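Just below sit the structures, each encoded as structure tokens.
Two complexes follow with chain A in common, the first pairing it with chain B and the second with chain C.
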Partner chain A sequence: MEQRPSGDIFDSCDEFARTLAEVDVGGMLAETASAVSAGTRASFLRRCLGAAAGVGALLTATDAEAAIAATKNDVAILQFDLVLEYLQAGLYTEAERLDALTPSTLAWARVVGAHERAHVRAIKSLLGRKTVPSPGFDYGNVTSNEQAFIKTAVAFEDLTAALLKWQAPRLDSRSILAAVVTLHSVETRHAAWIRHIVGLEPATTAFDKPASQRKMAELIDSTHFVASKPRVARKAQPPYSG
Partner chain B sequence: MPKGRTVLAFGLALAFVGTATAVHGTAGHGRSTNSASSASRALLAAAGGLPSPERPAFVVGSPTRLRKGETSARFAPVMREIEARRRPSRSAGRVAELARETPEGTTNIVLVLAATTREDGQWVRVRLPVLPNGQTGWVPRRVLGGYQFVHTRLVVDRDRSTATLFSDGHTVFHAAVGIGRPESPTPRGDFYIREKLSGFGNPFYGPVAYGTSARSAVLTDWPGGGFIGIHGTNEPQLIPGRISHGCIRMRNDDILRLSRLMPVGTPLTIE
Partner chain C sequence: MDGSCGRSEHALFDAARAPRQVKTNRRQLVRRGVLGGAATISGISLLGTGGLSAGAAPSESQDQKIFNFALLLEYIQAAFYSEAVDHGRLRGEVREFAEIVSQHEREHVKYLQAALGPHARERPALSFGDATHDQRKFLAAAVLLENTGVSAYNGQAANLTKKALVAAAEIVSVEGRHAAWVSDLAGQDPAPRAADPGVSASAVASTLRRTGFLKPA
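Right after this comes the complex of A and B.
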């Protein structure tokens, strides 16, 4: 089998860290952080890092009926991508539903959101029983604040393209690689499009750098978008008036 | 490569080379047709040696648009104890205090009705589970967790003793219900579904019970504060009718059916 690149050689993504740092205009995202369970974020990070290491902590030995005959490494990469697609689809769907952005940004969110939801559906169908459920998300007021939304979108689209570049040479299956590159080009188009809307240069370099799953997980963690789901159902005696 | 596909590929390549040569000629680059052709032939020769492409493991389908005619309401969990205010300002009058949890140990959620941005950040107007019924108040957005959206709405008609669930405006459930007696009426107004309880083993409430933000205006000293529930019953023969202490009772097969269709956070109108 062809040797996969080692994990550390592409780990330098300060550029992406800076992009994401720009997102937190006036501490809006930091404001959101206080409302999020640290435990949930930590478990998300562990899950992502587990996937990055090829551990596949979410895999079980009983997953014999998976929709694909993928290696644990490939399943772990796809599970990571699925969580990222959930995160993006959730962001754009919420923005569309709240309807608080300018028409041009909303039009972008509507198109890109439809793409990300299609990505979720495709990856889930490929993973079959090895799919992972969506975590809860808390985007704070990013989905109703034009500037915060645009900067978040630029960062996520740039980073997703960079992540897929990092993952591609690490995939064992050529057929999964062939599928993932169809996502990659769309993500780069999203990135260029939103950059154009906000007046940024769509293509700043002749060659793009990859960003590792570890870096991606850390950067997602820094946004505090991943939150615990409210516990709205339980086994308990009703106290209602009857 | 199958013969037919080879012929097609060769034909397309020739068409490309022909177009490229024409473009070169029009642009007046001064390069000879012969050299362009030999370069193109080299490209074609190199392309011929490639293996067949791998079939992708998945193909992303059409973009998934939100449903046409989608209706939605949003709710959010209370992440920090907070006093809801009459206006979006810390100095405005207090309406009610919101806790993080309900007495039943579920996350306290509020239905979000509106939002506005002030100098100190975003504020949202929420429906409150307090007496008198129907009150709303403003809280800073940052004390709430992530929004969740529901596409359902439950309408209870007291005069007809019915409950109807709509999903994106379409009726998906309709059943007879029992409502409050005249001395302990089911309150009218706009509320929301707050929690869902099950596994309690009490036949009086049936198999499933929903908690709502509505409260009895007369049974205020009831344990838990007299919240109005929607639940099953061990006396189905009494339905429909004015039979309860204010709760909305359904036959057990109806509440089980409803429990598969109605998520927590669903707006509730009692008319």
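Right after this comes the complex of A and C.
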């Protein structure tokens, strides 16, 4: 079994790193690397996420046809997320356009809006032909009223992070999982950041609990933001027990 | 201490969950008062290297390796914040941040120790130099440690079993919040990009090595 680190702490770090590097040989990392150099969606993803090659690789899954290879379960999860990202991207983009919030809130909306738009493009890319169009949204006065906007933004960021935690272990594809977790931690950053701006504690607990798609669907319903029905119904509850 | 094996997966995680209900005692960590040379924290590029270190199919033994790696990170974070709080040199909200986050990191340590049982690695010898005294150096080190935590967990997510992933996701979520919070306090961008790429274990190890916080045994 796992042996206690006996000598230099660095050695045990390196040993662990080597272990993972060994098992990776000929594995997913190599495949993703070749998929990236082959072009396809990778360059697009790199551009929209503005990150190192690693991100493009992560979000391109293991090969160019990953989107088609995704299971029905994974497609349902990604479609749900896509609609959620449409909703958030629309919310923050409209707030930015109306320019009625305080400067600090607006600065947050500008950065986070750009991220959510990037998430829309990334998830669409993962879905390929299984992508769904955006529903129509009506945000009422939420995009121009400071208090309403903050309340909504905090709720959506906290709950989106919780939702992705709920979905992660329910994904079949490890490649899609690896991509989704890179979005998850950014949502937690958004949540902590807006909380900090408005004087709420950014991190209230040592362990953030997951929240189900049903819970998120309820929040979306309660806002009445969806003016015309999205195609993804909340039936998308993938089976996972344990 | 090393003889126990064959705990079922359920036992592993049930045991790990139990302590989370228990209130943590304050300042349980052993204080390391050793003042080595000043920790040099340069602008290490955290997120540019590595990527998914996709290993063999997830297994309980792989979970153990990954959790032990995570435990090393959490030991460093917990000891760093505890020492900074104990020294009492931080001011204002930075002090509040250190107090709250040190509690979180100690809970992460306890969780991982419980999950690993007899396989949990021992606390490393650590030396933080000025980073726990000097507010500016503290902020720089905290930003580095939190960002490293996020990228390390993200890099291993797909290598974990589903059960281990559930726990790791709850932890990395909080690391992401810490990272954003302390970045804001340090005047840096709380969410510098649209995705937080995972970083390989070897890149994380290099970053940790470069902090100078880990003392060779």
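Just a few scattered comments:
Going forward, the second predicted complex is superposed on the first by the 160 of 242 C-alpha atoms of A that agree within 3 Å, B and C clash if a C-alpha of one lies under 4 Å from a C-alpha of the other, contacts with A are read in each partner's own complex, and residues count from 1 in each chain.
Here, a contact is a pair of C-beta atoms (placed from the backbone, for glycine too) under 8 Å apart; a residue touches a chain by one contact, two chains touch by 3 or more.
The structure presented is a predicted model; accordingly, all values stated were derived computationally and were not measured.
In the superposition on chain A, contact of A:Ala191 is made with chain C only, not with chain B.
In the superposition on chain A, A:Glu201 contacts chain C only, with no contact to chain B. By the document's definition of touching, of the two partners only chain B reaches A:Tyr139; chain C does not. In the superposed pair of complexes, A:Arg97 makes contact with chain B only, with no contact to chain C. Taking chain A as the reference, the larger set of touched residues comes from C, when chain B and chain C are compared.
Of the two partner chains placed around the shared chain by superposition, chain C is the only one that A:Pro210 touches, whereas chain B remains out of contact.
With both structures placed on the common chain, the touch criterion links A:Leu183 to chain B and to chain C.
By the touch criterion defined above, A:Ala161 reaches chain C but does not reach chain B. The contact surfaces that chain B and chain C form on chain A in the two complexes overlap at residues 32, 111, 114-115, 118-119, 122, 174-175, 177-178, 182-183, 186, 240, 242. For chain B in complex with chain A, the touching residues are 53-66, 72, 74, 77, 79-80, 103-107, 109, 115, 117, 121-122, 141-149, 184, 194-200, 202, 204-205, 209, 211, 216, 219, 222-229, 231, 244-247, 264-265. Across the complex, chain C is touched by residues 1-5, 7-10, 12-14, 16-21, 23-24, 27-29, 32, 48-55, 57-59, 111-112, 114-115, 118-119, 122, 161, 164-165, 168-169, 174-175, 177-178, 181-193, 196, 201-203, 205-210, 240, 242 of chain A.
Taken in their complex, chain A has these residues touching chain B: 31-32, 34-36, 68, 70, 93-94, 96-98, 100, 110-111, 113-115, 117-119, 121-123, 125-126, 136-141, 143-145, 173-179, 182-183, 186, 227-228, 230-242.
Partner chain A is touched in their complex by these residues of chain C: 2, 5, 20, 47-56, 61, 64-65, 68-69, 72, 100-101, 103-105, 107-108, 111, 119, 121-122, 124-125, 150, 153-154, 157-159, 162-163, 165-166, 169-181, 184, 189-191, 193-202, 204-205, 208-209, 214-217.
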